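Same chain, two partners: subunit A is paired with subunit B first, then with subunit C.
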Partner chain A sequence: MNRRTIMVSFSSALLAAGIAGLTAASVIAADPIKIGVVSHLTGPLAGGEAVTHTPNIELWAKQINDRGGLKVDGEQRPVEIITYDDKTDPAEHIKAVQRLATQDEVDYMLSPYGTGFNIAAAPIYAKYNYPLVAVSAITDKIPELSKRFPNMFFTLGTTSGFVEGVRDTLVTMRDAGTIGNKIAMVNVADAFGIELADTARPILTEAGFEIVYDKSYPLGTPDISPVVKGAKASEPDAFVAWSYPPDTFALTEQAIIEDLDVKAFYTAVATCFPAYADKFGAKIEGNLGAGGINPDTPAMQAYRKAHKEVTGKEADYWASATYYASLQVLEQAIEGVGSVDREATIDYIKNNSFDTVLGTISFDENNNSERYWSVGQWRDGVFRAVADTGMGDSVPAVAKEGWN
Partner chain B sequence: MDILISGLLLGGTYALMAMGLNLQYGVARIMNLANGEMLVLGGLAAFWLFTASAISPLITALVVAPLAFAGNWLIYRYLLLPLVRRSKNQGQLEVDSILATFGISFALVGVMVSIHGEYITYSYLADPFSILGSTVALNRLVAFLAAATIGAALYIWLNRTYAGTAVRAVSVDTEAAGLVGINVDRISALAFALGGAVTAVGGTLISTFITLDASIGVIFTMKALIIIIMGGVGDIRGAIIAALILGLVETTVATVIDPGLTLAAAYVIFLAVLLFRPQGLFGRRTS
Partner chain C sequence: MNSGEMKFLVIGVVLALGAASIPIVSDGYWLSIATTAMMYIALSTSWTLFSGPTHLIALSTGAFFGIGGYLVGSGMSDYDQSFWLMAIIAPVVATILAMLIGLATLRLSGVYFVIFTLGLAEMIRNLVSWVQNNFLGSRGLYVLTDFTEAHIYWMLLSVATIVFLAGWLINRSRLGFALRIIGNDEQVARHVGINTAWSKVILFMTTGFFAALVGAIVAPRYSYIEPNVVFSPQLSFLVVIMALLGGIHRLWGPLVGVIPFTLIWEAISISFPNSTTLFLGLSFLLIVYFIPNGFVGLFENLTGRMRK
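Our next item is the complex of A and B:
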């Protein structure tokens, strides 16, 4: 039950059988390269994992196996994904990583979902020396982490980078005369929300904003209406929420009900989910949130099309593409090295640049890729980046014109 | 006024979570840890029918009720009754039923993940509605009215009908109830199935305004447990009044003091009840 082999390399086996004809049995494709991933299939983070990680792994494995596999040691080897559920429990996670390393003896591993998990499990991935291209790990501790765990790479940015993205967006809107100085800020009382709120307070104040409402609420609050009523009573020009998916949905719904009419309305995680647009339709036109993408590049368009075709779902407008890019980095590093050699793969990732769905990315001395979108805005059904670090292709944010 | 109305509405939501478990634990004596999963299953049905065929969750609730009743009756009859029969005392039954329903909860989570592993969220009646100058969400109001109807119907049924009297008798003492000619197994199955149906319908209504996911059931089980222990196990009035108190206190604290302290406030009242009235507000003192 626990072990689930998602991908069997049907297509490559068929292809090999087709070519070899008579001796089909003896040439069924080369031994697969085993790739392990410890997922949150159940538990509190399962909903996010199912949107942002799982479909990309399915897509990537299918694409590789459709073209015959990865080129290593002069032959094509398919990939086999081995998935374990950790129930969103760090202790279970570490046990599962150990099992993948010692029992299944997987060749590579994929990074887990959630900052806490990437950091909590970093020592175990480092112990077995697996290259780990982390995606959903947003932290200001990247230099310390990469020094302690040289196998670890970062792609989705820093806490400060995220807050600065929000600040830049709000400053641009203030300079354009769209909003005034008053911000209502709320956060979920959880590691992620608390860290972002603590980082945001000085950064927003220094930029000349006045925080007129500043409250936290517990994770899983069944009724968020007192928070929205309180924020509305403070008559803010902008509303900023460092929120998790369930409260992102709840805050938005309540803001519609209370008619919290601000020109800038920001909610953090899950604003970028297609489910957010499905739920609220046109009412969220102009909403700001964490992430965003540039939907106009051919690479991004091809990726989103393939994602939809293979998994049947729209990719989210933030970390989906970045997670897929992390898989592309691993793929290109393995083929670049030309053999299954984890040590060499880590070196290769450090010293080369990679052509991904996000464009060309490479890693600095802190194993960090300083290219990411930080704030997006819903425009005509697309969540478009309006602030970024190192991408340079964001568009200016516009005013939100009510909840129509 | 805002506080009073929002608090009552939240209390109604809590009552929806707790009334079903109260019947299952109070009468059938099954500490059902899969209660929250039954609730999420009701929500998943609403989500699925709403997004696939635009069927109103209120209609889904009418479909869910008999299905959940039948499903829970089967669970009681084939999975739990053997445990009831072999247990020598209440303590042993409690341990056995906790283990069994814990397992059932995992199975249900697995089933739901395979159907829809993402967040269960959609918009239904997410419109403002004004009562006495206070703005509330229409979907919450509907859930409150449903909770009030279900609560009143259960109360009348329990106190005014023959079957209801039998249910109360079983809740007081299974042995004595058997001695006066009540079919305890049948009444327990009825209470368990009814409890499951109430919980699932609650989930259908709650899913219109709270984002659920396949694994979130345990949160609802815990909240329901707190409420029925506060109210007094086996008493439907107790569960409703405890739910309303909890809703009012949480909303008051969130509005007047700080939203960050709602959980703390809830546990303070829970502790106070345990300290000063350990049998619950309407509970019977055990001799």
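Our next item is the complex of A and C:
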């Protein structure tokens, strides 16, 4: 009888797998190129994934299929996206990547969201020779990682690059006489927030700034007002917060309430989200944050327009474009090789430059593309880049004139 | 050793050898499922060592697992220590912590203990963040090793085997006997002169030790440790659910819970990638409704009826 119980669960599993197989088979019309992606459809990182990755995958697949597909082996083949949810759990993520590689036998895989997930998945991508063009993976270990995983590419910069962007912005503003020397700095007491604050302390001090206020707050804290009050009492010229999405919103709201009147107000992650501008309207004119884009290039304008048309949402003003660019790199590499040959695709990515929404990008000996915007500023409803590495098209930051 | 035990021992050895050969048969997909299953087998079985006889639902697995993963990450990344040294230190730290927590909470009656363990993972995660923020700093915790999935699988299998042996020895010992009495009636246990608090603390320490060891071994599989990922409350719940599905009044109960659970979970993830949580909830309802005593209870119930 025990055997029967086991049989029941086995057969239900088999049945479920069978149904999945049938639906998949009926969708396939021609002979598509299968592209796999493991997403955080649920769990703590689902929000970021839904803003920055998923709409771009949708847009990219639609654009390719609308023009008939990718040119390989002398024919046009459409792309088919296969998505699994990992519930933001690394063990589930690893399993799902294995499943894509060995069960679905997808031809290519897209990069996951989050530094940890990119690095956790990298060994499997390497084992089966999948190129991994990572975007949401900001790390100072690029040389070591690319040596270990020669198939892994980086596009969004390093932790130090990130902090140096903020320093450059503040130095420019100080040289222009906009701000003085006093910085109030706060950070969220969690991995990336601590890392950024740690990196920032010596870099800002070396640049001649005085950190007059330096406090952290716990991840997920419901009340951020003591931090903002403290910062205000220290009478700073600039306010810098190494923050995550929820606290970026909370800090801004509190700064408005407390009327924290600084000429430079920087919050890190999520300042670039269109939802940030939607929430605060004109009050955030002049706010600084992580990311930024150059909205003036025709490529960027066409991309943002298509993004809005296809997905119904504005693209965020940072990693969205970079993620789309990573898809363009993959697309151009596949067509450049002219066949579904992953090893050749990896070589192609290493040795060629690509025409993307970010402009021309290529990868150095560490598989790193040193072309990214690091600080943006809200100007008339657009989050414009004011500091960058290797782009050269950011504009000087201007003073923030109060919270009106 | 009587013939019944002999039989179980033989079955156990055959199963362990069979399990050890999985990486030779499959190198990819099935191995990654087996590795995840083996992680849960080790965690659920060690959880049952404590919670089975005492009937105290401990939701602290995530906390100890996190200590294992975090210490390996921190030791290797921040202090350039070897994986092996950290894999030894981590369970020892967790065991000491389990002792302190056990001494503080296991004198309380059941429900207070459950509530305390529920908050434990979150408390330790915040403590870790606080220490990082104020004293150590953080540069990202990378656990880059040359282990393949097969190596990690074999390590987990060894831990699971040791958990089973430990459980078997405890069951035969005076301690195991004492715990069964405590589980049935703590008043009685105290009256016959059993040191109930220490008996429970020792078992709780064993659970903490193994959970941290598993966390340490799994760290190289994740390659990058984030405190809010390894100190996961969800892990604590999954371990409990899998153990309950199998049945917790037998040492091998969690084993028969984890394997079907992992396979059903996999089938759900493949078939309904957009609504896995919904179907997970439905399967829980079905499990609780139709097999309240787990597979072991179902099995024993049926064999019992057959004998009649």
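In the analysis below, the second predicted complex is superposed on the first by the 374 of 404 C-alpha atoms of A that agree within 3 Å, B and C clash if a C-alpha of one lies under 4 Å from a C-alpha of the other, contacts with A are read in each partner's own complex, and residues count from 1 in each chain.
Note that in this section a residue touches a chain if its C-beta (ideal position, glycine included) is under 8 Å from a C-beta of that chain, and two chains touch if they have at least 3 such contacts.
Predicted model, so just to flag it, every value in this text is computed and none were measured.
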item	value
Partner chain(s) touched by A:Lys141 [first = subunit B, second = subunit C, both, neither]	second
Subunit B versus subunit C as contact partner of A:Asp347, first or second or both or neither	neither
Which of subunit B and subunit C A:Ala189 touches, first, second, both or neither	both
Which of subunit B and subunit C A:Thr42 touches, first, second, both or neither	both
Subunit B versus subunit C, judged by how many residues of subunit A each one touches	C
Which superposed partner A:Pro218 touches (first subunit B, second subunit C, both, neither)	both
First (subunit B), second (subunit C), both or neither touched by A:Glu58	neither
Which of subunit B and subunit C A:Lys229 touches, first, second, both or neither	first
First (subunit B), second (subunit C), both or neither touched by A:Gln254	first
Residues of subunit A at both interfaces, subunit B in one complex, subunit C in the other	1, 41-42, 44, 87-88, 189, 216, 218
Residues on subunit A engaged by subunit B in the complex (per definition of touch)	1, 41-44, 46-47, 50-51, 54, 87-88, 186, 189, 215-218, 220-223, 225-227, 229-230, 245-246, 249-250, 253-254, 256-259, 270, 273, 275, 278-281
Interface residues, subunit C side, partner subunit A - complex	28-29, 31-33, 36, 39, 126, 129-130, 132-133, 137-142, 144, 218, 221-229, 232, 234, 260, 263-264, 266-271, 273-274, 276-277, 291, 295, 298-299, 302-303, 306
Residues of subunit B touching subunit A in the complex	2, 6, 9-10, 13-14, 51, 109-110, 113, 117-119, 121-123, 126-128, 135-137, 140, 209-211, 213-216, 219, 247, 250-251, 254-255, 258-260, 262-263
Residues of subunit A touching subunit C in the complex	1-2, 5-6, 9-10, 12-14, 16-17, 19-20, 41-42, 44, 83-85, 87-92, 94-96, 98-99, 101-103, 115-116, 119-120, 122-123, 139-141, 144-145, 148, 159, 187, 189-192, 194-195, 198, 216, 218-219
